[in-house]
Amino acid sequence: MRLTSKDKLVMIGDSITDCDRARPVGEGLFGAIGKGYVSVVDALLSSTYPELGIRVVNMGTSGNTVLDLKDRWQTDVIALKPDWLSIMIGTNDVWRQYDSPTIPEQHVYLEQYEATLDQLVTEVLPSVKGIVLMTPFYIEPNTQDLMRAEMDRYGAAVKRIAEKHNTLFVDTQAAFNQVLEHLYSGTIAWDRVHPNHTGHAVLARAFLQVIGYDYNKGL
Amino acid sequence: MRLTSKDKLVMIGDSITDCDRARPVGEGLFGAIGKGYVSVVDALLSSTYPELGIRVVNMGTSGNTVLDLKDRWQTDVIALKPDWLSIMIGTNDVWRQYDSPTIPEQHVYLEQYEATLDQLVTEVLPSVKGIVLMTPFYIEPNTQDLMRAEMDRYGAAVKRIAEKHNTLFVDTQAAFNQVLEHLYSGTIAWDRVHPNHTGHAVLARAFLQVIGYDYNKGL
Amino acid sequence: MRLTSKDKLVMIGDSITDCDRARPVGEGLFGAIGKGYVSVVDALLSSTYPELGIRVVNMGTSGNTVLDLKDRWQTDVIALKPDWLSIMIGTNDVWRQYDSPTIPEQHVYLEQYEATLDQLVTEVLPSVKGIVLMTPFYIEPNTQDLMRAEMDRYGAAVKRIAEKHNTLFVDTQAAFNQVLEHLYSGTIAWDRVHPNHTGHAVLARAFLQVIGYDYNKGL
Amino acid sequence: MRLTSKDKLVMIGDSITDCDRARPVGEGLFGAIGKGYVSVVDALLSSTYPELGIRVVNMGTSGNTVLDLKDRWQTDVIALKPDWLSIMIGTNDVWRQYDSPTIPEQHVYLEQYEATLDQLVTEVLPSVKGIVLMTPFYIEPNTQDLMRAEMDRYGAAVKRIAEKHNTLFVDTQAAFNQVLEHLYSGTIAWDRVHPNHTGHAVLARAFLQVIGYDYNKGL
Amino acid sequence: MRLTSKDKLVMIGDSITDCDRARPVGEGLFGAIGKGYVSVVDALLSSTYPELGIRVVNMGTSGNTVLDLKDRWQTDVIALKPDWLSIMIGTNDVWRQYDSPTIPEQHVYLEQYEATLDQLVTEVLPSVKGIVLMTPFYIEPNTQDLMRAEMDRYGAAVKRIAEKHNTLFVDTQAAFNQVLEHLYSGTIAWDRVHPNHTGHAVLARAFLQVIGYDYNKGL
Amino acid sequence: MRLTSKDKLVMIGDSITDCDRARPVGEGLFGAIGKGYVSVVDALLSSTYPELGIRVVNMGTSGNTVLDLKDRWQTDVIALKPDWLSIMIGTNDVWRQYDSPTIPEQHVYLEQYEATLDQLVTEVLPSVKGIVLMTPFYIEPNTQDLMRAEMDRYGAAVKRIAEKHNTLFVDTQAAFNQVLEHLYSGTIAWDRVHPNHTGHAVLARAFLQVIGYDYNKGL
Amino acid sequence: MRLTSKDKLVMIGDSITDCDRARPVGEGLFGAIGKGYVSVVDALLSSTYPELGIRVVNMGTSGNTVLDLKDRWQTDVIALKPDWLSIMIGTNDVWRQYDSPTIPEQHVYLEQYEATLDQLVTEVLPSVKGIVLMTPFYIEPNTQDLMRAEMDRYGAAVKRIAEKHNTLFVDTQAAFNQVLEHLYSGTIAWDRVHPNHTGHAVLARAFLQVIGYDYNKGL
Amino acid sequence: MRLTSKDKLVMIGDSITDCDRARPVGEGLFGAIGKGYVSVVDALLSSTYPELGIRVVNMGTSGNTVLDLKDRWQTDVIALKPDWLSIMIGTNDVWRQYDSPTIPEQHVYLEQYEATLDQLVTEVLPSVKGIVLMTPFYIEPNTQDLMRAEMDRYGAAVKRIAEKHNTLFVDTQAAFNQVLEHLYSGTIAWDRVHPNHTGHAVLARAFLQVIGYDYNKGL
C-alpha cells in the first residue's frame, strides 16, 4: 500500500469525478465527497485501513475539460497541498467534438490536451509524493466507433505523459473493456459516459489496484 | 395527401411519442400534444393545411412496451375512434434486454412482440381509414452493435406486419441512417434512444412523407 | 439554399424568438435553442442538410424592443460573428402602446423604431453574408383593428429597410394572414401575439422559404 | 337596494367568476371569495351596507360551460339555499369552438346552451328571491369578429331567458363596450376573455347597478 | 373630479399600501399594482373614467415607517414626477411600540413622526398638483385601547400637516369607525391592522371621495 | 405532583394546542408533539421529573370547535386510554361568530357548547385518573370588547362543568390577564388568539400549577 | 463464490438497508437499489463477476422492526422468489426502547424478536438456496452502554437462529468493532445507527466475505 | 433576580443556541429568537416578569467554534451593547476532532480554545453588567467516552475562565448528567449534541437558576 498515515489524496476531474461533491472543497461531513468512484475509494480505504487516517478530497467539476483544470489548478490543487493526486480528464474535451460538432470553441483537440495536461503534471509533480494519471474512457466496445477511437487517442496521450513523468497510471478503458465483454454498454451507462454504481466500482477497483490497496486486509 | 377534412389521427407509442403530453388524452390547449415528433407533425399539418381541420392526438406513454399498448388498446385507441392511427413501439421491449439484462420479466422478446403487435393491428384495422406502422429505431450506425442488430429484427417484424395488413409503413431506422452518415449518434441523442429536436424532425418528415404531405403547398 | 457549410446563423428578437433559450447564448445541448420557431428552423435545417453543419444561435430576449436590441447589439450580435443574421423585432414596441397606454416611457414609436432598426442593420451589414429581416406581426385578421393597423405600419418600415439595404425579407404578417383565412386567431395564439406550435411552424416555413431551404431534399 | 338583511347571494360561473376561490365553497376567511368581480361586489356591499350582513358566496369554476353548471346545480346552487343567485356562463361554450375547432365534443352550441340555461333557471327560480342573469362577453369591439358575433348571439339568448322568467339582467357586453370606446381591448384583457382589475370593476359596477346598490350611501 | 387627463397619481405607504406590488415600481401589467386599496382605486377610476387615462402607481413598502419613506423619497417619489401624491404612513411607527416594546430603535415617536412627515410634504409640494394625506388607522373601536389612542394622536398629526399645507385629507380612522359600528373589528382584520377586501374598499371609497370621484358617471 | 410514574397525559384542543403536531397521534420523535404549550409542558415535566417517564400526547387540531371534538372523541381520546386528559376548546366556537358573522353554520353557541363539553367530560371521566379543564381565552384586556365578553361566558361554562364533575380547572383568561397588566395584547398575539412563545409559557405555567408541578425540584 | 449464474439475491431490512431504494421493488434503473450497502454489494459483485448476471434486489424499509417484516413477508420476500436472501433487522426493535421509552407499543422485546425472526426464516428456508443472517449493530464501542448491551443480546439471538437453521451468518457488530478500534463512533455515524459511506463499506465487506466473494478476481 | 428593568441579554453560541434564529439579529417578531433554549429562557422570563421588559437577543450561529465568535465579536456582541451576555461555545471545537479526524484545520484544540474565550471575555467584560459562561456539553453518560472526556476538559476551561473573571457560570454537563441518570442519551438527542425540547428545557432551567429566576413568582 503506497499511501501512508495521514496522507492527503486529492482526486480531480470532470462530472464523472464530481458526482455532487460539496463546494468549494469536496471533503467532510454530509456527503461532501460526492456519490461516485471517489466515494467508493474513500469508503474502501477508510474501512480497510481505519488506522491510517487517509484524507480523500474530491475536486471534480462537471463539464470540465483540461483547460478548466488549468484555470483552477492553483486554487483547487496546489493550494490544497496534496500528498497524492489523481487526475482523470478528457471526456468533455472529446465529447463536445461529437455531440456539438458545430461549436468548435468548445472542443479541445488532442495536441492542446496533451500539452496542457503535461504542463499541469509538470507543475505539481515536485510538491507531491505521487500522481495517478487515469485515462478518460468511453463505454463503447466498438473500437471503430468514431468517439471511442478518439478517446483511445486521448488515453494514449495520458499514457505517454505518465511514462514521461514516471507517474502511476490507470487504464480505465481497459478496465471497462473487461466488463464490456459480458455486459452491454447500456447496462453500465445510458450515455456511454456517466457510469452507474457498477461502473464507479470498476473505476475504484482500477484506481485502488495501482496504489497497492489490499481488500483482504483485516478480513 | 391521404388525410382529408376533419380526419382524426391518433399517434401511439412510448416515451419518444409521449414527450410530456397531457393526460388522459394528449390533445388541445396548453401544449397537450407534447414536445416531440407528434407536435412537429401537427404543426406542419395545421400550418400547411389549415383548411382541413385535421385533429392530431398524442397517446404515447413513457416506458411502454407492446404489452402495455395491449393493456390500454380499448381505452386509448378504440374508444377514441381514430380515422388514422400511427404506432411506433418496441424500443423498451428491446432496451430492457440490454440495460437490465438480469430482469427478464421486463423483456418482451421478438416472437411475443410481433404476435402482440399483429393482434393490435388486426383488432383496430376494420374501424380506421388507415394505419401507419413505424419501426422502432436505435440511433447507432454500427449494425453489429448488439442492440442495434436486435432493434433491426424488431423493425423487420413491423415491416412484415405492415405488408401482411397492407398498411402504410415508415422505416424510421432508415431515416436516421441517412442522417447518421453525417452526424455522430451523440449529436442527435445522448442515449441513442431519445432524439433531440433534430431527431424528432427526422421522425416527423419520415412520417409525413408516407401520408403524402406536401410541404410546399401554399408557399 | 443560400446557407453553406458551417455557416453560423444568429436569430435575434423578443419573446417570440426567445422561448426559454439558454443564457447567455442560446446554442448547444439541453434545449439551449429554446422551444419556438428557431428550434423548428434548426431542426428542419439539420435533419435535411446534416452534411452542412449549419450553426443556429437563438439570441431572442423576452420583452425586448428595438431599443433593447440596440443596447445589446455589440455583445449579442457583433461579438458572435454571425455569417447570417435574422431580426424580428417590434411586437413590444407596439404592444405597450396598446396594453399600457398610460406608460409612454415603455412605448417605442414608429419613427424611432425605424431609425434604430436601420442603424442596427447598417452597423452589422458589412460583416455578414446575409441578413433576413422579418416583420413583426399581429395574429388578428381585422386590418381595422388599431393594433393590427399599427403593426402593419411597423412591418412596412421593416420592408423599407430591407429594400434600402437589399436584405432578405420575410413578411410574417402575410404568412399568418394566409392561415387566418381558415383558422380563428385564438386557435393560434390566445393573446394574438405568442403563437402556439402551429404558429411557430408558420414562422419557420416563411423564414426557410427566403433562404432557399428545400424540404424535399433527401426524401 | 333589492337585497335585504342577511340575504345570501350565490354567484356562479366560469373562470371569470372563480378567480381562485376556495373549495368546495367560496366563502369566508383567507380570501375564500376569490380575486375577481365577486370580491369587488362583496367588498363594496359590505363596506357600504355593513349593517345588512349580506352573505356573498362565489361558486365559479374555471373552464365550466353551462353543461358543467347543470352537473353541479344540485350541490353547488340548490343545496346552498341562496336568497339571490347570479349566473354568468357561456364563455367556454363559445371559446372552445374558436380555440379548439377540431374538438367538437368540447363545444356547446347555441341551442343546447339556451335550453340548458333555461332549464337551470326554471329549476331554481321558485326557491329564490331573485336571479341576476349576466351575459357572457368578449372584450373585442369589432362586432364582425367571428367569436364576438357568436358571443353576442349567446348574450341574446341570456336576455331572452331573463325576459321569459322576468329576472334581473346584466348586459356585460354593453358595459365593456362603453369602456372599449376609450381603451384598447388588450388594456383590459390580453386574451379578450379574462379581465384585469379594471375589467372586474366593470363587471361589479354593472352587477351592482341592477340590484340597486347606492355607492354614495354613508359618504 | 380633481384629477385630469393623463394625471399620474403615486400612492406611497407601508404594507397596507404595498399588498405585493411589483418592484421597483408598482405599475403596469401582471398585477404590478398590488392587491389592496390602490388596486381598487385604480380599478374604479379606470372603469369609470376610461377616457382620462389616469396613471396610478403603487409605491408602498411593507414594514415602512415615515423614516423609511424619508430614505427613499428621492427615488420613489420625486424621481417619479407625480402629478398627485397620496401618503398613508404611521402604522409601523406606532405598532412596534406595542408589539415590540423592548426594542426602542424600531419605534418612531410622535414628534419625530410629525416633523419627518412635514418635511417630506414640504419637499414635494412645489412639484405636484395635489397631495392627499391619509391618516394611519387601527381597526379597534375602543378609543381607550392604548394603541388606538396612540394611533389617533398620529392621525391628528397628519391632520395638522394637511391643514398647514392645505392639502387634501382623508380620515381613514373615521371611515373605519363608521363600519365598526356594525362589524366586529375581527371581521375586517384579524390583527386590527391589515384589512381584508372589505377594509380595502373602505379605504378606497374614503380616498376617492376627497378627489371628487363620481361612481355613478356612465351608469 | 398529581401525575405518577408512567402516566399518560392526553391534551386535546384546537390550533392553540395543535401547533403542527404529528398525525394521527402527536407523540414521539421528530417534534411530533408540536411547538406550543403542550411542548413546554412536556419539556418541563420530563426535564424536572425524568424518573417518572410521563407520556404526553398532543391531540389538538386546528380550527376545531367542541363539535369537532365530539366527532373524534372515540378515536382521539377514548381509544388512546389516557390516565390524564386536558381539554381546552371554545376559541373557534366563539371566534367564527365575530370574524364570520354572516355564516351561522360555523358558529357554536353557548348552550350547545356547554352541553356538548359536559357530555364529553361525562363520557370520559370514569376511565381516567383526572381531567384538567382549561377555559378558552381572548388576549384582550377590555372586558367590554364583544368577543372578550363572549369568551368570558364560555369560560364560565367551563368552570361550571369543572365544578359539577369536580375536575381540575385552569382559568387561562386569568393567567393572561395578569400578563396583560404589563404587556399590550399585541405583544403576545397579533390576532389576540394565537399566542407567541411567551403566551404559550403563560398557558404551560397555568396548567402545570394545577397538577402540582414543582419547578424547583432538582435545582 | 457461493452465488452462481443468474442467482437472485433479495436483501431485506430497515433504513440501513433501504437508503432511498425504489418502490415497490428496489431493483433496476435510476438508482432503484438505493445508496447503502446493498448498492456497494451489487456494484462489487457486478464489476467483479459481470459474467454471472447476479440480480440484487433491495427490499429494506425505513423504520421497520421484525414485526413489519412479518407483515410484508409474503409480498416482499416469498413472492419475489429469491435464490438467496439476506436479513438484517432489529435496530428499531431496540432503538425505540431507548429513544422513546414512554411508548411501549413501539418496542419489540427480545423474546418476540427472536421468535418472529425464527418463524420468518423457517418459512422461507425451503424455497431458497441460502440465507444470510446479519446481526443488527450499534456503532458504540462501550459494551456497558445500555443500548449497545441490548443490541448485543439481539445479535446473539440472530446467531442462535443462524446456527439452528445452519444459515450463513454475518456478525456486523464484530465488523464495526474492528473499525472502532481506530475511529471514533461519530466518524462513522452521528447517531451511532446510520452509517456513512465508510460504514456501508464495512457492512458490504462483511457480507461479501461470507458468500465467498473474491475481490481480486480479474485484477 | 439579577436582571433588572429593560436589561438587554445577548445569548451567543453555536447551533444549539441558533435553532433557526433570524438574521442578522435574532430578536423580535415572527419567531426571530429561534426554537431552542433561548426561546424557553425568553418565554419564561417574559411570562413571569412581564413588568421588567427584559430584552433577549439570540446571536447563535450553527457550526461556530470559538474562532468564529472571535471573528464576529465586534459586530455581533460589542455593537449590540448588551447589559448581560451568555456564551456557550466549544461543541464544534471538539466535535470536528471526533467526526472529522483527518481534517485538522477544522479542529480547535484546548489551548487555543481557552485563550480565545478568555480574550473575548476580557474584551467585553468592562461594558456589561454581567456575563454567564456556559460549558459545552456532550449528552453521553460514559465519562470514559473519548469525546465526553474531551468535552469535560473544555468545560473545565470555561470554569477556569469564569472563576478568573468572576462571572456567572453554568455547568450544563452537570445539568444533563442529572437527567441522564434516568433517561438514555438517545432520548434527549440522537447525535448526543443537539437536544430535543426536553434538553433545551434542561439548558434553560440551568441558565435561569444562576440568574436568580423565580418560577413561582406570580403563581
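For the reader, a short list of remarks on this structure follows.
Every chain is named by a letter (A, B, C, D, E, F, G and H) in the order it is written, and numbering of its residues begins at 1.
Basically, a contact is a pair of C-beta atoms (placed from the backbone, for glycine too) under 8 Å apart; a residue touches a chain by one contact, two chains touch by 3 or more.
Predicted model only: the values in this text are computed from it and were never measured.
Chains touching both chain D and chain G: B, F. Within the list D-F, F-H or A-G, B-D finds its counterpart interface, over half of the contact pairs alike by residue number, in D-F.
A count of contacting C-beta pairs for A-G and for D-F identifies A-G as the more extensively joined pair. Inter-chain centre distance (chain E to chain F, centres taken as mean C-alpha positions): 40 Å. Separating the CA-averaged centres of chain E and chain H is a span of 45 Å.
Chain geometry summary: the mean Cα position of chain D and that of chain H are 62 Å apart.
Within chain G, the positions touching two or more other chains are listed as 99-101, 183.
Interface note: chains touch in the pairs A-B, A-C, A-G, A-H, B-C, B-D, B-G, C-D, C-E, D-E, D-F, E-F, E-H, F-G, F-H, G-H.
Of all the residues in chain B, the ones that touch chain C in their complex are 31, 33, 35, 39-40, 42-44, 46-48, 50-51, 178-179, 181-183, 196-202, 205, 209, 215-216, 218-219. Note for the complex: chain F touches chain D at residues 99-103, 106.
The touching residues of chain C, counted against chain D in their complex, run 95, 98-101, 142, 144-147, 183-184, 186-187, 190-192.
By the touch criterion given at the top, residues 6, 8, 27-29, 53-55 of chain F touch chain G in their complex.
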